[in-house]
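Each structure below is given as structure tokens.
There are two complexes below, and they share subunit A, which is joined by subunit B in the first and by subunit C in the second.
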Partner chain A sequence: MSGAARAGRRLFWLVPLALLPVPLALNPYQQFVADLVLMYVPVAIGFNVVIGNLGLFAFSNVAYFGIGAYASGILMAKAGLPWWITVLPAGLAGCGAGVLTAVPALRGVRLFYLAIMTLAFGELMRWSYIRAEALTGGSMGLALPRALLFGWPLDDARKFYVFLALAVILVIATERLLCSRFGRAFMAIRGNEVAAAAMGIPTGRFIVIGFAWSGFVVGVAGAMYAALIGHLSPDSFNLSELVLEFAIIMVGGVGSQLGSVLGAAVLTALPQLFMSWPGSEELAFGLLLILVILFLPRGLASLLARWHPIFRDRYLLEE
Partner chain B sequence: MLLQLVVSGIANGMLYALIALSMTLVYRATTVLNFGHGDMATAGAYAGFVLVGAGLPFIAAFALALGLLFAAGFLVQRFLLRPIMRAPHFALATMALAVGYALRGAARLRWGSEIVNLPRPYPQGAFMLGPVVVTNDALVITAAVLVLFVLMLLLFRATRLGRIIRAVFQTERGAALVGINVPLFHGLMWGAGGALAAAGGVLLAMIVPLTPDMGEWVLVRGFAAMTLGGFGSLPGAIAGGVLLGVSEEVLGFYVSTVFTDITAYLVTILVLLIRPRGLFGRQALARV
Partner chain C sequence: MPALLELAEVSVHFGGVAAVDRVSLSLAPGEIAALIGPNGAGKTTLFNAIAGNAPVSSGTIRFRGEAIENRSPHDIAQLGIRRTFQNGGLFPDLSVIENVLAGLHTEIASGFLGLLFTAGPSRRSEREAAARARALLERMGIGALAEQSAGGLSGGQQRMVEILRAVAPMPPLLLLDEPAVGLAPPARAALATLVRRLARENGIGVLLIEHAIELVMQLADRVVVLSDGAKVADGAPQAVRADRAVLEAYLGHA
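After this line comes the complex of A and B, so read on.
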């Protein structure tokens, strides 16, 4: 990256700064949607690390999300811990699930095989939330106490700032990871795994690291979900949720962090328009995905990159 | 008791076999795994429901639903998949997923708030066959799937189209070189996949309530049966489906009822971890 581009990149700090006064201007419902967008930013970024950067067809993202949410929720509801203490354990739980799902990838399961297997894992987890009634409240769901931050209730404005801080931290940490030798190894694996191994990159180790980081980021997002919704139900972590998360990174731009953020903003705000007609949201998503694949295969991020070079992203998947 | 369980398992298994077989057909022909297959089955079931509601006799509605989904499959291949044939796997599978998702949304928009049932064209009941109880549902489904299998076998073995299918399965480029229109063939196979999905959907909707989310259930069972039998193997899909149906019943009775729900997931995960080739699979097909 050239010096000018690096200086240009600093401008991205203006984005979270510009968002600071947002809670002053919104009504509670708009506030909720804004929080939802901030929550989907790490969800998408974590998913993108595996799908976009590692280039592995693993669909266990919703499982990490659900595991993070339930870890946070159970610690709050059953162990009586305040929300802020549960954020890290939620991330670690997601991280553990990530390592677990990396095992089949290490065994050489790839492509559709990996996709099917991770789908089955996600559904198995959803079934576990339903069956483990003592912990999760079963299909009735788990009602959570108010989220607390250092003893204060997480009211609307505070929630927004906490979520903004978490999202920014996770974006920057992921950016650092991708800029490091880890990120370069991910790109090599995505490009050609056999060639990467032949060059002496320990591909297995980096695959586990990628999955673990993805699980951690999405697990933290799960804790944000627990704080935002206040009620966990197994059906929130079904295949439709998976399609939503997948659509976010497809529409935003596979492999690009900017794309994850854009996709989260667009596709989280969009369904709110369709709330009153169940089904119209899925129909719109399906059609949107079709259009994006046909006419904008590199997502919204590529549109921005075409508009100004400052938005160019070398991690964006090239066709 | 075991005999009874096996008999009930076979009836479910035949349905899984039909689903897995139609997915395998599309996969073998075009190397695209149809992630929207379950929703195509749901769409076929709703088409059957609408046609029966319009007063058509059941068999005519069944045939027409198959025809409609054949057209849908063909059109999806022609206008959505063919333009991106050269794109990575990723985009192709996502396209199939997106089509399925849009279908599901359309179904929910129209029928989301009601649970509909496809009326059986025969009396519901059961009879004794020696020591075993056989429900009419099981008999009809098994017979219908067997008829479809025989028709497909005849198509494969005894017609010109069957020779073309086998030729393209062997080598796509070779088939193109001897003058077979491979893109058209891909379209026809997507059509066939859609029609067989519709058949599975209609049969399933006779015995369980029809909801827009039925496709999820279908897709997971289809994947499990395909994996068990060996990815890409046609006989394997049938064997895998039947075996899955029987193991659901047997494990559900002798071990714990929870297994009726999770056998499909466990089978998928364990087979891929321990023996990725499945029972009859050969070398993995890869689209490089």
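After this line comes the complex of A and C, so read on.
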């Protein structure tokens, strides 16, 4: 059964393959929405590692996202680097922010105390984007040059493929980490920290690793934001952005990578359908959230997991 | 032969209260010692002191000659002391096999970068551990439960899985906190067989807290009795049973 499940998971490769012809079929607006979905996949995956796998109520995700976006944007606008060179530094900047925000959790801060402290960090970063005017353009924002990939402009089709590749790489890398002693250590910390330590798991070290990876993944998503939107403004990384990111993992499935992907797709694409009727977007968003929490507390991913075992989250690697 | 575990005058104070009061004891490899005593005698606190979960106020604890008092719980676990918890310490969201694999954490050599960038040794180490965990579950007759989530098991099954998770890395010293609570008689017998085999065949030293006195008599090479934090008797099960101090500890002072 386990061997079959492993072979079954190779079928997931069909998803990115099936997406390859997408740019041929879409108009520029639909293309933008597709890119937005691909950008929110790593945003959600990174967030879910901290909330879902480590089980810590840390809400600095929007800070990692903003720091990644500004790192990429500043390197493009001020240092004149092409976009593709800024992707890794954006991830590393997010990673550094992740390590920094792990400190309260390391000091034993938990639950809503941790939530408030990490929320405050996000707001502090927003204040910093406004105050560091020389670098960030302050509240007026920072207009970015065209994103470049190896000297070519990142046109619509290329942007889609680059985003698809980044999303796939980050999903696979996170999956590799979760299906190992790292993922089990995260879940052990979530389940029972005292028991985790009794198994020889240095809980503090793995909390830092979880935050660092989360920050890296979301930081890369920040670079994608810089390429997609072309303009950075402090208000893009505010509390309502954080609420959207939280809703994505709640609707998709807390602790589930599949959930991150589903949530990103549904909550990014769905509002676009309601754009023509002003006000209905918020209504649909709220209704969806309530329905999922009432009837699917473990998110859309749990629906698929009930249907077929290959969709179940696994934290081990077998032959 | 040096003792596996050697406690010398160990005390644990909470505020002004001595939860554990100058307890000395030693355990040899392959020996099974039962820690008994009335509620509040300090048995679990003594376990916590050994495992690094409670601060040792004075005295020394040596494991294979190395001082371990007041070291962090994960350090002590890495040295080879594994424990179970009175209230159950399984990870409810993980499956049974994933729980056992978490117990094998220190045995797996996979590294962060190795997992991300290669298909080599890191992933092989993970696969080997998974095979080892599955083999252990099958040998204990619960291979069919491997994929079930631990939170959904019966109380008795959860105890068994928790013990297997502690045993999986074959630690030199095993601390079992009331392992037989909630176990039906057949499961209790299976537990006794497992513990005896671990001690006799694998040379694992076992310290267990247990209230089921017939299990203690049947299993333990030695019985240590605590009362009000202090050791009042230490010896062969039959001798301890007849000891006056022990009767006093249980029945109150005459």
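Here, the second predicted complex is superposed on the first by the 300 of 319 C-alpha atoms of A that agree within 3 Å, B and C clash if a C-alpha of one lies under 4 Å from a C-alpha of the other, contacts with A are read in each partner's own complex, and residues count from 1 in each chain.
Here is the rule we use: a residue touches a chain if its C-beta (ideal position, glycine included) is under 8 Å from a C-beta of that chain, and two chains touch if they have at least 3 such contacts.
Because the structure is a prediction, the values reported are computed rather than measured.
Peer 1: Please work out whether A:277 is in contact with subunit B alone, subunit C alone, both, or neither, and reply first, second, both or neither.
Peer 2: The answer is first: A:277 touches subunit B but not subunit C.
Peer 1: Could you tell me if A:231 is touching subunit B, subunit C, both of them or neither one (first, second, both, neither)?
Peer 2: Neither subunit B nor subunit C is touched by A:231.
Peer 1: Give the label of whichever partner, subunit B or subunit C, reaches more residues of subunit A.
Peer 2: Of subunit B and subunit C, B contacts more residues of subunit A.
Peer 1: Does the superposition put A:113 against subunit B (first), subunit C (second), both, or neither?
Peer 2: first
Peer 1: Contacts for A:285 in the overlay, against subunit B (first) and subunit C (second): which applies, first, second, both or neither?
Peer 2: Touch status of A:285: first partner only.
Peer 1: Once the structures are superposed on A, label A:181 by its partner contacts, choosing first (subunit B), second (subunit C), both or neither.
Peer 2: A:181 contacts subunit C only, not subunit B.
Peer 1: Looking at the overlay, what does A:124 touch: subunit B (first), subunit C (second), both, or neither?
Peer 2: first
Peer 1: Contacts for A:194 in the overlay, against subunit B (first) and subunit C (second): which applies, first, second, both or neither?
Peer 2: second
Peer 1: Taking the stated contact definition, name every residue in subunit A that is touched by subunit B in one complex and by subunit C in the other, in rising order.
Peer 2: 319
Peer 1: If you look only at subunit A, which of its residues touch subunit B in the complex?
Peer 2: On the subunit A side, the touching residues are 57, 103-104, 107-109, 111-113, 115-117, 119-121, 123-124, 127, 131, 238-239, 243, 246-247, 250, 254, 277-287, 289-290, 293-294, 297, 319.
Peer 1: Can you name the residues of subunit B that touch subunit A in the complex?
Peer 2: Touching subunit A: residues 33, 35, 80, 83-84, 87-91, 93-95, 97-110, 112-113, 212, 216, 220, 223-224, 227, 231, 258, 261-262, 264-266, 268-269, 272-273, 276, 284, 286 of subunit B.
Peer 1: Across the complex, what residues on subunit C touch subunit A?
Peer 2: So the residues of subunit C touching subunit A come out as 51-53, 72-74, 77-78, 82-83, 85, 89-95, 97-98, 101-103, 105-106, 108, 110, 112, 115-116, 122-123, 126-127, 129-131, 133-134, 147, 165.
Peer 1: Within the complex, which stretch of subunit A touches subunit C?
Peer 2: Listed in rising order, the residues of subunit A that touch subunit C are 1-2, 173, 176-177, 179-182, 184-185, 187-188, 190-192, 194-203, 209, 255, 314-319.
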